[in-house]
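Here is the structure we will look at.
Chain lettering (A, B, C and D) follows the sequence in which the chains are written, and residue indices restart at 1 in each chain.
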Amino acid sequence: MNTSRPNKTPEDWWTTAIIDMKPGMIRLRGYAIEDLIGKVGFVEMVYLMTRGELPHPDAAKLLEAALVAAVDHGPQAPSIAAARMAVTCGVGINNAMASAINMLGDVHGGAGEQCVQLFIAIAERLGSAVAADSQRMAEAVTLEINALAQQGVSHVPGYGHRFHPVDPRAPRLLELVDDAAKAGVVSGRYAAIGRAIEAQLAKRARRIVPMNIDGATGVIFAELGFAPPLCRGLFVLSRSVGALAHAFEEMQSGERNKGPIPRHLTWSYTGPPARKVPGNTA
Amino acid sequence: MNTSRPNKTPEDWWTTAIIDMKPGMIRLRGYAIEDLIGKVGFVEMVYLMTRGELPHPDAAKLLEAALVAAVDHGPQAPSIAAARMAVTCGVGINNAMASAINMLGDVHGGAGEQCVQLFIAIAERLGSAVAADSQRMAEAVTLEINALAQQGVSHVPGYGHRFHPVDPRAPRLLELVDDAAKAGVVSGRYAAIGRAIEAQLAKRARRIVPMNIDGATGVIFAELGFAPPLCRGLFVLSRSVGALAHAFEEMQSGERNKGPIPRHLTWSYTGPPARKVPGNTA
Amino acid sequence: MNTSRPNKTPEDWWTTAIIDMKPGMIRLRGYAIEDLIGKVGFVEMVYLMTRGELPHPDAAKLLEAALVAAVDHGPQAPSIAAARMAVTCGVGINNAMASAINMLGDVHGGAGEQCVQLFIAIAERLGSAVAADSQRMAEAVTLEINALAQQGVSHVPGYGHRFHPVDPRAPRLLELVDDAAKAGVVSGRYAAIGRAIEAQLAKRARRIVPMNIDGATGVIFAELGFAPPLCRGLFVLSRSVGALAHAFEEMQSGERNKGPIPRHLTWSYTGPPARKVPGNTA
Amino acid sequence: MNTSRPNKTPEDWWTTAIIDMKPGMIRLRGYAIEDLIGKVGFVEMVYLMTRGELPHPDAAKLLEAALVAAVDHGPQAPSIAAARMAVTCGVGINNAMASAINMLGDVHGGAGEQCVQLFIAIAERLGSAVAADSQRMAEAVTLEINALAQQGVSHVPGYGHRFHPVDPRAPRLLELVDDAAKAGVVSGRYAAIGRAIEAQLAKRARRIVPMNIDGATGVIFAELGFAPPLCRGLFVLSRSVGALAHAFEEMQSGERNKGPIPRHLTWSYTGPPARKVPGNTA
């Protein structure tokens, strides 16, 4: 997998298909920047930069819905709390945004990526026969959920929510996917897979375990063909908007060194009682 | 400026006008998220989240142009290089994007913010009389450029470019501002100020010092009323797209621990020659 | 101040006096690494790497005391809270430590650096006449405190503390500086300056405003000749120890996506009431 | 593994055994900070903060050697390059250090942690019979190396080096471990395991694959009983020293926006040729 040839020149060391530049010229994926500005929207740019081609307008609208849906989940999210605390510490707003997205790891931002991996695995089991056969679908779903369990993953990513009995973002996003599938813009295979997982989780748990924001955006990203790591990055772009808004709002508070809880409160100390340093330790 | 009342409760410690949430409900600036999804675009969300209100569609298009224009400037930008190196070090794509935007400091990302501060300062000197009087404009520009020089700022932010004799992004952006001003969407006062600075710099330098991406996006941000720190954040949102695209591309290379220059090259060592550690130092 | 010659080669682009390396050889500031290991301590290495020479053993002990003193101030510090939240989000411990130190900006970690700048400014006014003349000392202190006030800095960095009436770390550190001055290891000029500031602040405020950790470590750094930006870095090295300890401890909790306050609490929402998205916005 | 009780108070939400604090009092692991300052060294503090107890002086010296050994590997390391570039972008030195350590992921800083996991796995197979039976040792080593291979790990962490035929840091560190084992400070079991792996890799590869810095520091960390995630953190503390030194040195260069290669060079563009944006995309 190591593709580095020996003794590359510096110009070969840094190589990209994304941008070409000469004095006075900038081309992104072949398009002159001044041709893109005013003609192509920001979400189309996200698609173009990451995928290499401009998207169909209806595909862009689906991506846009996913990006809109995930922008914020409140100052109790560690990422947003980090952004708000950072601006009170005398760092720039870019550093505050960086602190926020640095927190979007496998647990706080990775579920969308993990969903897409799950959907893709189920789709690979089904091959082309996804629409018709609900028994084959149920079997493929069962096998992959069991595979997750064997890897120690007890909660299937994309379903259920700590706070919301029903995540208000998911049904609306699925509605848009259904519209796009009817219009032939996407296949609808991943929406079907996503719903089949939801049905099976309900059977197993004997209560609804509804699709959440990660599952719903995961359906969209998979329908649009985004590789899993890109899905994490798309969630990051979305959540960066919330990070910026919260950081700027906290800048107006005048707080300094704002910590997680009010200053007159203190933490629980569970360590050893007071003791003296022995005579000679260093 | 310290507005913290003594003995806040935790719920008062974290307070925001951006998002309201209850189980099953998410409202952003008062709008239900499921009402926004599919109706409001991503750039409108950026405006809504940071400013509190939905933008006029033509204002959104101007903001969109600014966000599109700044997405990338190649792997020689420290921010982009950092994103590309990071993914070869075994960190997540969110960490790579964070490393990139953490670099967008006063020198690598701050010029747009500094431009807006300059434009605002000139506008404040002019009061309402910006359109008519070119002599007053020239005086106000002179005073503020001199003020910058006294603070030790020799290069006026937003003009000239290390690489591009003429930045290909600026004329197109100004064209869109002019169209918006003609349509009455924006006032055009900051475009006028931006051009007046460009004219004066040319006089002083006796060669053109054309407006660059920071000046042009600064004109847009100022026309739309964004406070300077938000301008830095908007540039960060834009550049995050390039960071994501480059990070994902580098993930395909198979490189491990990719440094800035090819491995068979080495750096110049300018330190002391070989010497021995004295007998007893610790 | 720009010293880059045109058309540098990549080997001239990266140049350092810190480390020389060939296959099988690593020399730091001229000393072979295998000669340093086991002979030179970690604090001596901090001095050697940043200053270029090995320190006198007693100077190393003073630096060591400063590094020991600042390692932690509890999970209510934004830096420590960030480290603890980060490890519950599925990022690596290095990312958690990075999130912590990214918060150590001008307000949360910069006071030591600002103290040293203040001490140096006062010392420059005094020239060589620091020990004898308390009136000249008082005048120099007054002038510099007033200069700070004119820059909008109302709280003199290094004195007073939000939480501690007397910071328990400062007297002990000053004691060690006094011992080192008596032994001729340092001059004691900055300890004298630090105390003179403390005395004058007490007069102005009519209550004690005792030196805190930043003032005391600032005295040590100034006595040892560290430039102000390095002082921020030394504080970062120290606080990294607390960040690591707290991050590792939180890893044992089993928490996922740990935010700043318990989940059953919520934040105060101060934004607009529920409203509907108008018909056509995008 | 989720140990959070419902409805914790904020003081129970943040709980630690590391630090106890009241106005005027700071105790770390039970020891008053003013008792530690001047009595306990910085490396002892690292041990105390992470492990909860003060170390035996000879154990501290071993840990110190490991921390000294890993402080730097030159500006071609992505972490060091990131620190140097960051300071030219107008961010604080703490942000530059954060950018550096954010890069120390599984590939650029994780080998020490992975070594310790490997050593521990082998030790668990051997139970108590480590010293005597070289055949059982060889079998345990074989089984664990094969287990790594089955997980897709082809290069055993801790052995061989891209740049150094023999890593100059490893023999010296192993020498110190041997001395400590002779003195009864550590058991020597992990040194034996580390050497057994080295011997077997040489057999398999039919050339020496000598232990490198990660293997040697891994031996020390394992001998001292540090859990694997802490080992990554200890490497981060060490490398932070190099990051600080290099960042400060680059601050003196006067460079602005320093990228990875000299500006007159450019990257290789491998993307599509110039093309025009189609009529209606947004």
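Heads up, the rule we're going with is that a residue touches a chain if its C-beta (ideal position, glycine included) is under 8 Å from a C-beta of that chain, and two chains touch if they have at least 3 such contacts.
Since we're looking at a predicted model, the values are computed, not measured.
Participant: Once the contact rule is applied, which chains count as partners of both chain B and chain D?
Facilitator: Both chain B and chain D are touched by A, C, going by the contact rule given at the top.
Participant: Would you say A-B or A-C is joined by more C-beta pairs in contact?
Facilitator: A-B
Participant: Between chain A and chain B, what is the gap in Å from one C-alpha centre to the other?
Facilitator: Chain centroid spacing, chain A to chain B, equals 23 Å.
Participant: Chain A to chain D: how many Å between their CA centres?
Facilitator: Here chain A and chain D have centroids separated by 29 Å.
Participant: Rounded to the nearest whole Å, what is the centre-to-centre distance of chain A and chain C, using the mean of the C-alpha atoms as each centre?
Facilitator: Chain centres of chain A and chain C, defined by C-alpha means, are spaced 35 Å apart.
Participant: Find every residue in chain A that makes contact with two or more other chains and list them.
Facilitator: Those would be 10, 12-14, 16-19, 21, 32, 36, 40-41, 74-76, 81, 91-92, 94-95, 98-99, 102-106, 109-110, 163, 256, 260-263, 265-267.
Participant: Within the complex, which stretch of chain A touches chain D?
Facilitator: Of all residues in chain A, those touching chain D are 10-21, 27, 29-32, 35-36, 39-41, 44, 52, 54, 57, 60, 91-92, 94-95, 102, 260-262, 265-278, 280-282.
Participant: Taking the complex as given, what residues does chain C use to touch chain A?
Facilitator: Touch residues, chain C against chain A: 10, 74-79, 81-82, 85-86, 88-91, 95, 98-99, 102-110, 162-163, 256-261, 263, 266-267.
Participant: Looking at the complex, which residues from chain C come into contact with chain D?
Facilitator: 1-4, 6-10, 12-14, 16-19, 21, 23-26, 28, 32-34, 36-38, 40-43, 45-46, 49-50, 61, 64-65, 67-69, 71-76, 81, 84, 92-95, 97-99, 101-106, 109-110, 163-166, 168-169, 171-173, 175-176, 227, 229-230, 232-234, 236-238, 240-242, 244-249, 251, 253-256, 261-265
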